[in-house]
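Note that the chains take the letters A, B, C, D, E and F in the order they are written out, and that residue 1 is the start of every chain.
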Amino acid sequence: MAMLHIVNKSPFERVAFESCLGHASEGDSILMIEDATVGAVDGTVFSDLLKAAMADKAVYVLGGDLAARGMSEDRIIDGIKVVDYAGFVDLTADNEKTQSWL
Amino acid sequence: MAMLHIVNKSPFERVAFESCLGHASEGDSILMIEDATVGAVDGTVFSDLLKAAMADKAVYVLGGDLAARGMSEDRIIDGIKVVDYAGFVDLTADNEKTQSWL
Amino acid sequence: MAIKKFMYVNRKAPYGTVYALESLEVVLIAAAFDQDVSLAFLDDGVYQIAKGQDTTGIGQKNFSATYRALGDYDINKIFVEQESLDARGMTADDLMPLVYEDEDDDWAEKPSISIVSRTEMAAIMAKQDVTFSF
Amino acid sequence: MAIKKFMYVNRKAPYGTVYALESLEVVLIAAAFDQDVSLAFLDDGVYQIAKGQDTTGIGQKNFSATYRALGDYDINKIFVEQESLDARGMTADDLMPLVYEDEDDDWAEKPSISIVSRTEMAAIMAKQDVTFSF
Amino acid sequence: MKYTVMINEGPYQHQSADTALQFVRAALAKGHEIYRVFFYHDGVNNGTCLSVPPSDDRQIQKEWSELAKEHELDLVICIAAAQRRGIMDESEAKRQGMDAHNIADGFRISGLGQLIEGGIQADRTIVFGD
Amino acid sequence: MKYTVMINEGPYQHQSADTALQFVRAALAKGHEIYRVFFYHDGVNNGTCLSVPPSDDRQIQKEWSELAKEHELDLVICIAAAQRRGIMDESEAKRQGMDAHNIADGFRISGLGQLIEGGIQADRTIVFGD
């Protein structure tokens, strides 16, 4: 009964991403889209929190959104997987349900 | 050349209010409206930061917005002045310029 | 068709944006569908059910009384997060006393609100089938 | 009429919302009015002038090249906050090299961007007459 | 797999309107079924036919209309949200005594029950918003 | 004192549209002059005439029209933002070959220069947004 959590808010701007991390369960997946993708970058004030969550959750980032904001894939935290819209669809199919953190 | 800073975002939800406090100058005024009014309440995780800013800045809250969110005026930090829309207008007239923190 | 668990997640303050009001409108409609309905109030969403809301100063309709009617619609699983209250200097006493009449217990009036920890909220969220966020 | 100091404060990431694009559209129009124009990039606004923006994956127009044209419109006071870069793991090298030609110095090419501390940014904001926020 | 998609923001202001469109396209390309797309809050503004974006920009509203035609999508605009924001079909315009309507091809206006029913019928319900 | 007011969000979704209206009312009540109200981003949606909110709710768009009539306000909708979002006056509708327009009484559509000019002319410029 794993859940896909979809986050679209920058972790530097709103509390939504942190709230998501606080409510995702072990074995869940987290997908960063839109402005949330900047949270995938390593070496930020947010990256330690995200790395801690990766201990028992899978984390994905929508590549097109990351690139749009000028952040290249070689800057993101090790272990975060980059997906495109097709991969986004697959994640929603592979997880039994989704929750959007707006 | 004092400035009126207008904040309409909850300090628990977005970084705008904190950013405002970090950029307001000595002698400036800060007005909380809309969702930002919940930041006027004492005893929150935000109240110490606001109290520190009050050392050299005047802080106001729009009373109608505070009441709408169920927070009575006796809960707010000592020294914050409650204004109505007419008082809001006066603040924009009494300060030479305004900056909105959106 | 099997009954699904629907959760309505409310994380935003009322009146500053329309989400609280229009979320409530969905919940009222949802009541007619005989599904399993839960409401979660966390982060700034806790202000939605704060008591004493008075909108006379802002020209918007005060819709908080509608939450009190939820019990009549058999919507009585309302979860409020303790940590969200704490951060905002609030306690359970600051919330409207939302209740319902339990038909399995001689229509005794019971509280609809459960104050839960963040960990408990996470566990409740994990059990849902459909989650609507506003 | 005296020239006024106009500041455009950009605090949001591009593409996630329209504010960055439509703010830039205002700035381009503002250039025609012979006022004193400054741009501030802080908080998530620093991503607006990040280099290497590539929007091919999201179906939106890449408007970042327009920032490079600002110098041609005599808009060359662009302030970027150091603390905002630091928090996001960024440095000045991550920004587009925005430049202008200084007519008072034999059209020498000079950088338009000044990286400033939060304290300096506050002092710059305090000197403006009109502040547009997006 | 059968999807219901909810869209809570209008076009251009928030990317969620774009993302939802891209998601629906990608789901259809993979052979999934889109049971319903429900437009709520400012999302109803995706259904206006009066939008004329710059020619070098994306045409979000038109793209929905075209996608709906191609895949027989059920694009539902919430009537209560639409009334507040000024999105109107021909019959509602008549009822209100208005001489104009602005709903785009392929959209229909209906009640919130369509959202709940969509959530019940679909295997997955995805929310796009701000 | 002479004010220019900028409104960046649409009605109902964000309170800033309400707050701006209340602010303008209060400023007028105090005898100040409203030099211009400029609607940008989703703020252009305040100028639709097709909005029909519930009768017990506030009628934001109509209130602007009435206030404009009473006080001869200059309510300006940004043309570029309006085109993206589907707000159109009669002449633009004709030019675009549309058979409907939806701009409310008292609003006019013009360019961004009106915002800058407003900022230059006014003693105070106030921004309402999200």
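Keep in mind that, in the parts below, a contact is a pair of C-beta atoms (placed from the backbone, for glycine too) under 8 Å apart; a residue touches a chain by one contact, two chains touch by 3 or more.
This one's a predicted model, so the numbers in the text were calculated from it and none came from an experiment.
On a Cα centroid basis, the chain most remote from subunit F in this structure is A. In terms of the distance between Cα centroids, subunit C is separated most widely from D. In this assembly, the C-alpha centroid of subunit D lies 27 Å from the C-alpha centroid of subunit F. Between the CA-based centres of subunit A and subunit B the separation comes to 33 Å, rounded to the whole angstrom. Multi-chain contact residues of subunit E, defined as those touching 2 or more other chains: 8, 12-13, 15, 22, 41, 57, 80, 125, 127, 129-130.
The multi-chain contact residues of subunit A, meaning those touching 2 or more other chains, are 8, 12-13, 15, 34-35, 65, 84, 97-98, 100, 102. Multi-chain contact residues of subunit D (touching two or more other chains) are listed as 15-18, 43, 58, 60, 130-131, 133-134. Of all possible chain pairs, the ones that touch are A-B, A-C, A-D, A-E, B-C, B-D, B-F, C-E, C-F, D-E, D-F, E-F.
By the touch criterion stated above, subunit C contacts subunit A in their complex at residues 9, 11, 42-43, 118, 121-123, 125-131, 133-134. Against subunit F, the residues of subunit B that register as touching in their complex are 6, 8, 33-35, 65, 84-86, 88-90, 92-93, 97-98, 100, 102.
Touching subunit C in their complex are the following residues of subunit A: 1, 3, 15-16, 19, 22-25, 28, 97-102. Against subunit B, the residues of subunit F that register as touching in their complex are 1, 3, 8, 15-16, 19, 22-23, 25-27, 29-30, 32, 124-130.
Those residues of subunit D lying in contact with subunit F across their complex are 1, 4, 6, 18-19, 22, 25-26, 29-30, 32-33, 35, 130-134.
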